[in-house]
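Below are structures written as structure tokens.
Look at the two complexes coming up: chain A is in both, with chain B in one and chain C in the other.
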Partner chain A sequence: MSLTGTDIRNLCFATLAFAICALLPFGDNGYWLGLGVTIAMFTTLATSWALFSGPTHYISLATAAFFGVGTYVTGLGIETLPFWSLVGLAGLIGAVLAALVGLATLRLSGVYFVIFTLGLAELVRQVITWVQNNTGQKGLYVLTDLDEAGIYWWLLGLAAVVFLTGWLIGRSRLGFALRIIGDDETVADHSGINTARAKVLLFMVPGAVAAMTGAILAPRYVYIEPSLAFAPILSFQVVIMALLGGASRLWGPLVGVIPFTFLLEAVSSNFPNQTTLVIGVAFLVIVYLLPGGFVGLLDKIMYRVNAKERS
Partner chain B sequence: MATPVLSLRGVTKRFGGLVAVNAMDFDVAEHEVVGLLGPNGSGKSTTLNLVSGLLPLTSGNISLWGNRISGLPAQTINRKGVSRTFQLVRLLPSMNVRENVVAGAVFGHRRRWGQDAQDHAEQLLEKVGLGGKGDMSLGQLTYIDTKRVELARTLAGDPKVLLLDEWLAGLNPTELQIGITLIKSLRNEGRTIILVEHVMDAIRSLCDRCVVMAAGTKIAEGTPAQVLSDKEVIRAYLGDDDA
Partner chain C sequence: MNRRPFLKLVSALTIASAFAASAASADTIRIGAVAPKTGPLAGGATVTQWPSIYLWVDQINKAGGLTVDGEKMMIELIEYDDQTNPGETIKAVQRLATQDDAHFIIAPYGTGLNLAAAPLFDRYGYPQIAVSAITDQQADLSAKFPNMFFTLGTTTALAADVVKVLGEMRDAGQMGDKVAMVNVADAFGIELATAAKPLFEEAGFEIVYETSYPLGTQDLSPVIKGAAAAEPDAFIAWSYPPDTFGLTEQAMIENLDVKAFYTAVATPFPGYGARFGAAAEGVLGAGGVNPESPAFMEYAAAHEAVTGSKPDYWASATTYASLEILAQSIEAVGLDRAAVTAHLKDSTFDTILGPISFDENNSNPDFWTVGQWQGGVFKGVASRGRDGTVPVILKEGWE
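What follows is the complex of A and B.
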């Protein structure tokens, strides 16, 4: 597979963009860096979420489950293992968990899959709570010398890996197979595609990435407990941001994450009790006004402009 | 007849108490075009669905070149060389015409990828009469063109056996002639085809042999002329009075 001129230009542009983003901690170490961490975190989560849910149209609410598992990997292992190996381990566990969930549920369609993934986060949370209650533990302290800038760079690196993975999948047979599955699964079956395997393989990507994100962010929380690590709101935020941007392009979720993070930031500082309300309203707006997200809106505008030029 | 490409033995499909296909037996030889006829609801499409793996068999056995394919998932049957169109055209709406055809070439019986798959798709589009329309979106196509895209996708994996489920249904008289000519060209290439069809003109000019079904059972088998004058067949279509 050879690279075209456009591919090389896009790669250079993306590398440059990441390099500029990596300079943020040198400019500011407080408010803006904190916001940068949040944006990097949601970009990673929403982009990897869209890699699977964009083409297949399966809405997964399992992000919180994988994320929580990741934070616990760091929480339990930080005393004994180096941080980088914990991130890798979390990715591995996330991928295996996603494969198991995928094998069990990807034959389910539509709403059943959504409910199962939502229930999964709750299930894992209850299991950990139960274990903690039985061992008399309440939560875990995560004490490292990793500062905010370190976390930011880790997340940025992970985001770069996610974008690269998404780009490679988009050019691969697997990516093409998933587009066919998303359009018509019966046609996919009758075109020789092993649909179950393709879906499980791709579902492992957001599983691994969400777990790694959780592992990287654990030091930021310092003290982790199940209700924090497995907060279901995280799953919903990821879905809304990805859909707001548009899940049909690799860069789509990013376009949703940035404005939504600023919006949430503004709301939570001015009206701390109305955050959930904003998420709800945003969801309605997306469903009614922007069904394809910003990407869909852009496509529509481009189509109109082209149509005008033609006529 | 030499070793049949496809053979059905005692193929049965029950939906609850309803026996949709009852102990069907027939063979298809290489380069042969077999028509599957019968009144509405006689089990023709269900038989095709059993061959392609869309539905599992209740009992019986389907084999391709002597190897059992019944019980295998649809994707495996497709890879082994059985490819089909659908009664209601199924295309991939997010893709353009060329990508729809490439979709059949990448994972099928014979696999292609990249430029190879693109070129192959282009050739097939030319063959089905859509040359130069590769970049169009599906919304811009006429009804017969959507059928052509589906046919090209089905051919893209170089299948050994082609299953056409009422491919000519719903076409106007002019389109019908074009359609028959197209299927005839596939026949002249020596392809092995099973077609479910209602259009009698098409059956007469395309089929080497016909299998007629009524209420899930095979009631006649032979050349088109033979089966169309068969008493049982006339009774199945028109009732006792006309037989």
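What follows is the complex of A and C.
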């Protein structure tokens, strides 16, 4: 692997940025840290989502399923296992589940895949409920000493791993294969790329990351129940944020997550009685005015500037 | 370009907002409230939680406010919708504590949302007088969150008193010992069923039919048909709001012939009595109040006058009582939150439910457990330490 000067510079900038972000809990231990946790959570989820859905154009609505599985791993294991091992275990289970789902569905394309991933959260939720119902499981309480700052650092660490993974994939043969699949799957097939294998491998990344995010956030929720762990709205929020930023660049989702988190915050504090309505209108405006996300907007501006220079 | 008008406007606004801020902090008590207005729990919260909060604020402000250190202070309510999403509850509580600088925060709605908020109430030192958070874990939770208080009872007490009521009916020769027991396959339904099953067996009941159904099931006729085929003397459903209505409707259609018919959550809602009318007569449900007590009657009349809707016959009054407790504590010791928490732990409060005090687990030991629709009103038939229980009547048909 050879690194160019630009690569090294980007890596240094990224490391510096993460180091600065990691200082947040020392600056504020309340409101802004709480927003920081939300931003770190959605950055992790949306970036890992875009790793798969960006190049392949497969819209996955399975985030809530993997996230819920992760919260349950922590909920069930917190009494017996150390927290860090639960996060790892959640990642492993998420990856295996994603592989199974991928094998079953990634040969399908387009809307079939979307529908299946949407149903997956409900399927997993019903299976867990069924097991709880038959074993007479009581409510799950996650009582730990992990505070908001600890959760924030865990999420930030995970986000760093996601960015690094994305960067490495982008430079690898797998990343190249996926871009070809995204452009034209038939061409990719004829060029000798094992498209199914490539897609399944990459789908395991958002699966594992979402499950780990769920496992990290479980102590924040204290009480785990299916209707809260598997809320489908999470899947949609992740998609909207990634699309607002733009899924075609590694940093794209990040520039969607930050403004969207502040937008949601402003809406829910200023319109307590119409929150859902205003969020819905915001969705529409984003889709109509920014179809390519901020990344698309930036590309357009750059293109215009360059065009002016040429003429 | 003349910049003066703009500058003037800005400085005027700055001064005005500074005045507004200082005025607000000087003579109002900022009370935060976060509960669902949308999402799965909105139906319950808009019957039980929000109207009682509005009523309480309205009454206090009409009376000139609360007396703090000899001075009358009005209440300013700051409310947020958490969309039945624990992440939003956490954000809202954080906002209330750090941005809005709320003096006190009313406990959220529902077990999951109350527990998601508990670490924040704990960290910022807010007393959390939880109502709609029924659990058996009071001891663990109050050890972990010493500011958290429980008012509505425990899961086991709720289940045990149903068994007790049925046991008394059987011992009086009013019915046999065959029970059909069903539950909604979701958190609270599973917990109640798990608690109830060994208690029924211990009390010598025979469970002739037992099943569960997923949350959100539309067609409940197989459940009622299955129960009817087992010819039980009593039908017990650990149910949630939508299926409480659905099961009752199916029981009417099938003309389920039982001496006791019990559905859990939402049975005490005024909407239940309104929807089923005379058919609701004799239906047992979770909760209850003493609807004949003058305090409750006065509360119910004010509730309807101020909010335009009737309170339910269980958690509404307890929600209001939790706010009475908060108000009495503030008047007793002022706006110091630690002092209010200490006051909560070792005082007895005079509420519309009667006297309330908290035990060593921060738990109110006196609460209603089972109620029954009798003559268009849901009356408490079993309680832990509450006055005014009425005798149980038999369920006689669905006409």
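One rule holds for everything that comes next: the second predicted complex is superposed on the first by the 301 of 311 C-alpha atoms of A that agree within 3 Å, B and C clash if a C-alpha of one lies under 4 Å from a C-alpha of the other, contacts with A are read in each partner's own complex, and residues count from 1 in each chain.
Note that in this section a residue touches a chain if its C-beta (ideal position, glycine included) is under 8 Å from a C-beta of that chain, and two chains touch if they have at least 3 such contacts.
This one's a predicted model, so the numbers in the text were calculated from it and none came from an experiment.
Novice: Have a look at where A:187 lands relative to chain B and chain C in the superposition and call it first, second, both or neither.
Specialist: In the superposition, A:187 contacts chain B only.
Novice: Let me test your reading of the model: by the given contact rule, A:223 touches which partner, first (chain B), second (chain C), both or neither?
Specialist: second
Novice: Between chain B and chain C, whom does A:233 touch in the aligned arrangement: first, second, both, or neither?
Specialist: In the superposition, A:233 contacts chain C only.
Novice: Which partner does A:195 reach: the first (chain B), the second (chain C), both, or neither?
Specialist: Touch status of A:195: first partner only.
Novice: One more residue to check, A:176. First (chain B), second (chain C), both or neither?
Specialist: It touches chain B, and chain C stays clear.
Novice: Could you say whether A:300 touches chain B, chain C, both of them, or neither, answering first, second, both or neither?
Specialist: Neither: A:300 stays clear of chain B and chain C.
Novice: More chain A residues touched by chain B or by chain C?
Specialist: The partner making contact with more of chain A's residues is C.
Novice: What is the contact status of A:57 with respect to chain B (first) and chain C (second): first, second, both, or neither?
Specialist: So A:57 meets neither chain B nor chain C here.
Novice: Looking at the overlay, does A:107 come into contact with chain B only (first), chain C only (second), both, or neither?
Specialist: Neither partner.
Novice: Name the residues of chain A shared by its contacts with chain B and its contacts with chain C.
Specialist: The overlap between the chain B and chain C interfaces on chain A is empty, containing no residue.
Novice: Contact residues on chain B for chain A in the complex?
Specialist: Chain B residues touching chain A: 52-54, 73-75, 78-79, 83-84, 86, 90-95, 102-104, 106-109, 111, 113-114, 153, 157.
Novice: Please name which positions on chain A make contact with chain C in the complex.
Specialist: 30-31, 34-35, 38, 126, 129-130, 132-133, 136-139, 141, 143, 147, 220-223, 225-228, 231, 233, 265, 268-269, 272-273, 275-276
Novice: Going by the contact rule set out above, which residues of chain A touch chain B in the complex?
Specialist: The touching residues are 1, 173, 176-177, 179-180, 182-184, 186-195.
Novice: Which stretch or stretches of chain C touch chain A in the complex?
Specialist: Within the complex, chain C contacts chain A at residues 37-38, 40, 79-81, 83-88, 90-92, 94-95, 97-99, 111-112, 115-116, 118-119, 123-124, 135-137, 140-141, 144, 183, 185-188, 190-191, 193-194, 197, 212, 214-215.
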